[in-house]
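Given below, in the form of structure tokens, are the structures.
Common to both upcoming complexes is chain A, partnered first by chain B, then by chain C.
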Partner chain A sequence: MTMEQESTPSDVPGGDCTPTRMAAPPPPDPQFVLRGTQSAVHALHFCGGAQGQGHPLLLSGSLSGLVHIWSLQTRRAVATLDGHEGQCVTWLQTLPQGHQLLSQGRDLKLCLWDLAEGRNAVVDSVRLESIGFCRGSVLARGHQHWTLAVPGRGSDEANSSPRPLLLAGYEDGSVALWDVSERKVCSRIACHTEPVMALDFDSQKARGVSGSAEKALAVWSLDEQQALQALRTQELTNPGIADVKIRPDRKILATAGWDHRIRVFHWWTMKPLAVLAFHSATVHCVAFATDGLLAAGSRDQRISVWSLYPRT
Partner chain B sequence: MDPALSAVRLSVREAVHTLSSEDGGRIFSTLGSLKRYLGQTENPALPGEQEEFARVHFSAFLRCLVSKLSPDWLELLPDGQLEELWASFFLEGPADQAFLVLMESIEGTAGPSFRLMKMAQLLARFLSAGRMAAVLEGQCWQHTESASPLLQEMLLIRVVGLPDRLGNRLQRESLAVFLPQNYFPLLGEEIVRVLQAVVDSLRGGLDCSVSFVSQVLGKACVHGRQKEILGVLVPRLTALTQGSCLWQRVCWRLVERVPDRAMEAVLTGLVEAAPGPEVLSRLLGNLVMNSRKAQFVLTQKLLFLQYRCTTPMLQSLLGYLATDSQRRPLLVQALKELLETWGSSSAVRHTPLPQQRYVSKAVLICLVHLGDAELHDSRDELLASLMAGVKCRLDSSLPPVRRLGMVVAEVASTRIHPEGPPLRFQYEEDELSREMLALATSRPAADGSLETGPSVPPVAADTPDKEPEESDIPQPRPDGSDSELDSDDEFVPYDMSGDQELKSSKAPMYVRDCVEALTTSENWERWEAALRALEGLVFRSPAATREVSVELAKVLLHLEEKTSVAGFEGLRQRALVAVTVTDPARVAKYLTSQFYALNYSLRQRMDILDVLTLAAQELSRPGRLGRAPQRGSPGPASQPSSAVAPTWRAVVEERIRSKTRRFSKGSAGRGPAAGPNEFNSVAGYFFFPLIQHFDRPLVTFDLLGDDQLVLGRLAHTLGALMYLAVNTTVAVPMGKALLEFVWALRFHGDAYVRRGLLSAVSSVLLSVPAERLLADLPDELLEARAWLADVAEKDPDEDCRLLAVKALLLLEKLKDKLLPLSFP
Partner chain C sequence: MAVFDTPEEAFGVLRPVCVQLTKTQTVENVERLQAQLQAVSDSALQELQQYILFPLRFTLKAPGPKRERLIQSVVECLTFVLSSTCVKEQELLQELFSELSACLYSPNSQKPAAVSEELKLAVIQGLSTLMHSAYGDILVTFYEPSILPRLGFAVSLLLGLAEQEKSKQIKIAALKCLQVLLFQCDCEDHPRSLDELEQKQLGDLFAAFLPGISTALTRVITGDFKQGHSIVVSSLQIFYKTVGFVMADEQLRRLSKVQAKPAVEHRVAELMVHREADWVKNTSDKLTILIKKIIECVSVHPHWKVRLELIDLVEALLVKCSQSLVESAGPLLKALVSLVNDESSEVQAHCSKALRHFADQKVVVGNRAFADILSENLHSLATSLPRLMNSQDDQGKFSTLSLLLGYLKLLGPRVNFVLNSVSHLQRLSKALIQVLELDVADIKVVEERRWNSGHLSASPRTSAAGPRRQIQRRYFRFFTDERVFLLLRQVCQLLGFYGNLYLLVDHFLELYHESVVYRKQAAMILNELVAGAAGLEVENLHEKHTETSPEELREIVTSILEEYTSQENWYLVTCIKAEEMGEELTVKQSGLQAITSGAHTCQVSSFLAFSNPSPTICSMNSNIWQICIQLEGIGHFAYALGKDFRLLLMSALYPVLEKAGDQTLLISQAAASAMMDICHACGYDSLQHLINQNSDYLVNGISLNLRHLSLHPHTPKVLEVMLQNSDASLLPLVADVVQDVLATLDQFYDKRATSFVSVLHALLAALARWFPDTGNLGQLREQSVGEEGSHLSQRLATLEEGLENTTTAEDIEQFLLNYLKEKDVADGNVSDFDNEEGLGCTGSVCGSSTVPQEPAPSLGSSDLALTRAPTHQR
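Up next is the complex of A and B:
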């Protein structure tokens, strides 16, 4: 069973890549570029804004500790939040209603912001212990009830099923599945030889992908017994993946590379689709909007927004 | 007198007399009675009478018959009975006499006439009835009774020359059977029949000779009809000689008796027609040992004096020498001589390349056939020739010659000196080298090659046919249930060729930093980054570059590839060109002075030449100033931005245009902006220092001696500089100097140098204005013209001849351009 699963996906991209009868189109250009954060961009988050201001927003967290809120309509920053005392913002997440924002900073604080009706005040904050790269994660469990995972000593996020499960990536290169209610590790696999920098999980297909400081992406799956199984690895040209995200429609995934490039893969086959070499410095984060728009933030202080393989 | 013989004479005379009469019935009966003497009626005459009739009266009687031939005469009896009877004398009587009379009467007829056509048709019947075999056969028995050489000679000339003679006489009326392409195959068939008869009579213990047949065969081959006649003869003989000693002996005898002057034609045709060495050996036997002429043709003429044999022919020929132990010494001898030729430096220089290939192939085929012991016996001699040849080939400035040397050296050295360390060269594989290596590895597969040869290609051709079919079948998806796979097509990958490894080191930002990094840095990544950044930096900051230009040029010229950097040569060259373009006068002065300096490698000197040419090309390019210096790809990271720029620029321009109202529209398309040739002011710095010192040898550098490769490059470079100096004021003195240079070197032995000189002449003709050429350099032009005509005719190198012809054409054009000026 395992053997089959491992061999079959690797056959597909090989078969698809060889007969390139048409010349491949040149790499696309970004749809637009947001400038003005004045420092490296470390976190990005799309905020649907369906019920809010009526048009989507993009939130970016910068090295200087500011959170910028960009309107994707005017392509201007509509607001700036300053709550991390000049320390880098590493994670941004709005809660499902869209009025509340969680931000994690290098000042070892996790802030909860109230953005409703133009307010921008810190409502609450949690003190963190970790000074590593790890970001938090949130699981919404109904109205006004969320579970928040914050790193203790190093890990990363994502989850499913009636019982809350948490996936965590560790600096030793392993990915572990935690049963949160029983507080124990269900399964743990070593995917990488370097620290896991980012992971994302597709709960519908029970498949996840993780990127690390090494030259490969790892794809793994979760079976019914809640055991993690490594499926395959995808080699990259240059080492270092800062962030990895699967598009909400689970068709493609994007990675943010230390090699200044954004890479786009087909999620099911892991066939490389595009290498976007726009940024001139390390790309720190990528984010997908629900409508498929891709944003990437880089140390070159720019946020590039791309429209690739538009959803039909 | 014998009463019987006088009776024959009487009846013939009577018949001749009767023929003149008008009485058809009488003529018919007289002729019928005369047919008795031909012996094929139910009441034949006595053998003595028959012989007498055939020997003395037959020809005369036939001539008489011919003279009577006319429409009226034939209609004396109805239904063409008379004509039938008349013809039967020719078809049934002694064939040689009938043939001779037929030919004689056809040739004797003046113009197209009834008689001519009748005779031609009769001759066609004669041929189709197989009487030609009878003509030939008759000569096979006659040696016993001292056949008259005169008659044989006449027959020979007419048998072989029949198509020509008939063609001359009949012009366009000639019948199909008389056309050479039909007649000679027929002759071939007849020869086989004659040989069959000879074999039969030999079996019956009768003696006979094939020398007349040999003569016919030889003469036909001399007339250039090998393909037609041997194309029929060889396959038949191949089959017949298989397993029959008698047939083989007849066949050997046939070739052996071919006169010496026809031997070459016959042998070449046989070698060409024989499908392999085995067959050739069966057909020729030990001819090469018995006949000096054959030996000369097979071991000398075909190998050394010509190079028209195809590779299969060579294989047949050398395989033939190898099949018999008696002949093998000849093969060893041939190999020795071949290698000697191969190794002679004069041959390398003066023989055309196809011949060198031919000799090389022959060497390789010989090596395949010879055993280790045979090679061992004459190893020293072979090795000496081989090494001499390798040396002068590697010295050559023509890449194909060098490659030939390498291939043969590798293969031959492993065979001649197997225990020694193997020679290995690095050369690019091409069609020829693969063919040569295949020759060297193919074992002398006897007749097996016949069967496998043609059958291999179909097999090879089948496989590619099958493959697309297989790939067309939709491969079963590993997980067909997943519907998302079906939408895979919409995810067309973008071009990912720019996805390269990222270099961690930061590129220097200033030219001076680059110079410093290149000279002192021990940090190789920084060194490489500096090299990569240099061209772009030089173009971006010309002022800063000018401050250090000569120093930078020096550094780059002496730069060595210390680490394996991809594209090092190109990077260095582009950087040097950029520096030269930025500060042409000083850098060119430096580079040209270094070209003749001590202590440079040939590589560096040729680099100097290349850089000067490229820089001159860049300087003389029209509209150069308008273009941004983005030529040398500045690195993968910034490529997208340059790709972005045009689109937004186009958008902006479009926007401006839509907002701008114009009152009059000028011509929309701007032509290429005219500008001064920047090369004008500096061409002298590039050109004259290079051309001045070529005849002064240094200790390490002797252009007129061993370093002819550089001389060739120099000639090419000077030609290119001359060409690029078109429309400049300095072109005239440059042209004058260059023509003098060409004149001094025009008889250089190296083909590459000569090519350079010829292209230099062409560029002089193109660049110097026609009026100035005529006014200032008329003598030089005349001399050059004579030389060009000579080269175009006699040069052994094909490219040289071509270039000379081109230069001559340019001269002609020049003349055409000037003539209307002088006669308005």
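Up next is the complex of A and C:
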């Protein structure tokens, strides 16, 4: 089954019911908004800052195939990468040293960029087979050695855990755990009735969350026998989750909704904490920085950056 | 041109005249002798010195009363001879000295004889010439203990003349002569420097006169200001040279414990002083009193040369007598410090030179380091500062603050010792806050309105030469002298420069929070602290001082800026609400006109029935000043950070621009000058350039504030100003923000439509300005396409098209009619007739509203304004 972006319900969902506990303080505003991609934003990734190599950067991939590199200090684009022949960029990931960038595009290419010392050139690229929504995943295994999972035909979202295991979300609504070295499926559960659009996994608590085109988030866990178990589902007001990310400190998670909203949940209890209404079109992606900053990219061509429940 | 070169010839000529004079002592005879002397060469005169002097001395010594005129001419003649010859014999020197001094001796009074001024002057000159004509070796032996009584007489005579004479000429001559007698003459006739032993002898001798000299000179110095500065200057010189000589540490250190018995008669021995420890202690105590008197009087002397001399005095005494005059060190330093900010630049320069010298040399006064004394002084000044600021008049405040400034300059980084004491910091800040209180009763501040909402046309280039701005005139409650304000600013700047900036900023931010009463003053102080920390206008006396690093400074500035621009400190009530509410044009002055006449006190506001809660004139006035001060601060911060401030523009530019359009004249002026400052500091050519380059930051602020329009009613105004001041490079951002505007307009179309309509008008005007005609358009298009990509070129294509078919009023009317029909169709209440006609002729326009993603083929600019059709509003 292929899902077209345009087939999402076009009319804006009317009364979005904010959780009642949130009634007292008005919903926050974004800390700032990045403009100028000139096209819908489909991928976001924070990089740098921690290694003392200057100020943190935010990378954004757009529908027009460009990757913008934003300085969070000046809040301006410092560079633009063009390597996907005008096709949408769906996934961005820097390798641990921060000087190399992987970008996945709808042109069925996965490019490796060298960004060190101001360079921005494609040094390698991999041909992909899938044209779906599935994003790649990278597992770092020691210095200069990474394992890359790229979607093949039919799979939807990939994610890996410390032992060479791979989580994949499928368009039939199921999530599967693969043992990479033995090339077999360890466990597979059906979480959703609609295609899985995004998933994220907390390896410390061995819990994961997945979002799909339907009106619910699924939370599942991985037990010691490497079996997946559905824990619970969290009902949403409007259907369609384009992306889900757990904050690096494992306290909260954020979802990107087709209903133009970003939703924030408590990761352990799945209690809804906030509905961030700013964008005027579908939110395609969310990303957390190591310091907790949240960024969301939307079809309205803006990237909003939020500072939520700052850690003290 | 001597006529008689040889002694023989001269003798032949002079002999009859001398004989004549010896026989009959008349003025005529003396004059005849003097006339003859003119024609004799110096060498011949030297040979005949004794011979010529004889009749003259004989005349002086002859018993019986003499006419003053005669004595005067004799003394003048003697002086003439002495000025051309040398005295080579000890005995002659002593005798002449006695004979000359005796001319002014009156047997029955302490005072100099009551003789004519001319005679006094002649005698003084005679004595001076005599001392100059003495041979070097003879002169040194002249100062032996036995001369003490005679020398003492001459000294007291000269002091008396200097003190009591009316004639300025005599006073000056007497002081000059005194200098010669005390070996302080700086003319070339005394080239020989004294060796240690000679110095000690002279020191012992002069020690006997020290009490007399110092008290008499102190009386002269502290006398009437009108006596003329040169007298005071000479007196100061003699004072410090004598004290510095007699009390010199170097000499006192070498003095033996036991007094070597001088071989002199008993009477003289009694007069001799032995400078042992007790004597030094006593004398220094007494001198301290005199020095304090002198400093008190001289540091406020109206003539700058006198104050300049005071610096020399302080320097000499501190360098030479730091041990012996340890008690005076405090007052002396204080005097020096208070002159650091003297109004005369010479004094200032000399003073800072002296201070730098002290700071560099690490001079130790007594057992205490120079710096310890200073910190102690600063401690005590900080303690008394609040009281002094309360009680003193402007002049007093000025000198107190000068002193404070001086201490800060001198202590440099060590000022932290004082600041680290909580109680001292509190006292210091209390005093500053107290004295900086503004007078907010002036009604004009609230009253003055800015009526023309014109362009921000002024370019900083016009004032490029002097980047530092002049500050808006402020009125303070506790002083009126502008110099006091200047000093206060300097004090704060120095505190920021040397002090622990984190500590100070924390402290004053706390005060800023604490009460609205302190807020304005605290903000003023914070502004200057930051300016000082950046080293603007601060003269550094301490080379090793490390300045605040740019990162730290930026951090601090960011936090202050956040505070300033926060909702509760930036959006204050500055005028009566009715004016605020959109309809400015109709309401205009109605609120205030009633109270413009004769209303100059705060009480006025009480009978004005303002709505509840009513802002008083005072509180609005105070709010206006607070905003102005904060705006000024932002300007300062920009200067302090320079190009680094560009990073802060994302949070600072929007609030400043917003205030630039404020109704209150003062605020808009302050904001305009803050914008100028930012322009200069960040290196932008003009305000337009500044706005243009940072439009993305502005758009960010505008878009976020539009979400809370009730809190930020001026947001549309800012957008308008931004549109007026930017060029076509803004275009990519325009679509985005116009979306926001339209979305907000949907929400508030009943209340705020006017302000939004004017925004849209500004937008269209801007579009027309950016793409004036097709000729330029082609160029622009090429330029922009490269930068902005294909999306823009599409839009430009439609613009171009729209502009080519020059739109007439009828076209616009037709467009509107069509649009209304469209709207009706969308609402579903149309007749068949309308429907048909509408479809028939408005096909192209339909496109623009039914297919929002496609650019409209005609009326290009409407693409931006109307892609979001109002039908979506429900």
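Quick note on the criterion: the second predicted complex is superposed on the first by the 275 of 312 C-alpha atoms of A that agree within 3 Å, B and C clash if a C-alpha of one lies under 4 Å from a C-alpha of the other, contacts with A are read in each partner's own complex, and residues count from 1 in each chain.
One rule holds for everything that comes next: contacts are C-beta pairs under 8 Å (C-beta built on N, C-alpha and C of every residue); 3 or more make two chains touch, one makes a residue touch a chain.
In this text the structure is predicted, and so the values were computed from the model without any measurement.
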item: Per-residue touch tally on chain A - higher for chain B or for chain C; value: B
item: Touched partner set for A:F32, first chain B, second chain C, both or neither; value: second
item: First, second, both or neither for A:Q73, with chain B first and chain C second; value: second
item: Chain B versus chain C as contact partner of A:Q97, first or second or both or neither; value: neither
item: First (chain B), second (chain C), both or neither touched by A:S280; value: both
item: Chain B versus chain C as contact partner of A:T269, first or second or both or neither; value: first
item: First, second, both or neither for A:R302, with chain B first and chain C second; value: second
item: Doubly contacted residues of chain A, that is, touched by chain B and again by chain C; value: 29, 278, 280
item: Touching residues (chain side chain C, partner chain A) in the complex; value: 646-647, 650, 696-697, 699-700, 703-704, 707-708, 732-733, 736, 739, 743, 788-789, 791
item: Complex contacts: residues of chain A adjacent to chain C; value: 29-30, 32-33, 35-36, 38-39, 64, 73-76, 278, 280, 300-302
item: Chain B residues touching chain A - in the complex, by the definition given at the top; value: 471, 475, 477-479, 482, 484-485, 487-488, 490-496, 498-502, 636-641, 643-644, 647
item: Touch list for chain A against partner chain B, complex; value: 8-9, 11-12, 15-17, 19, 22-29, 237-238, 250-252, 259-261, 266, 268-269, 271-275, 277-278, 280, 309, 312
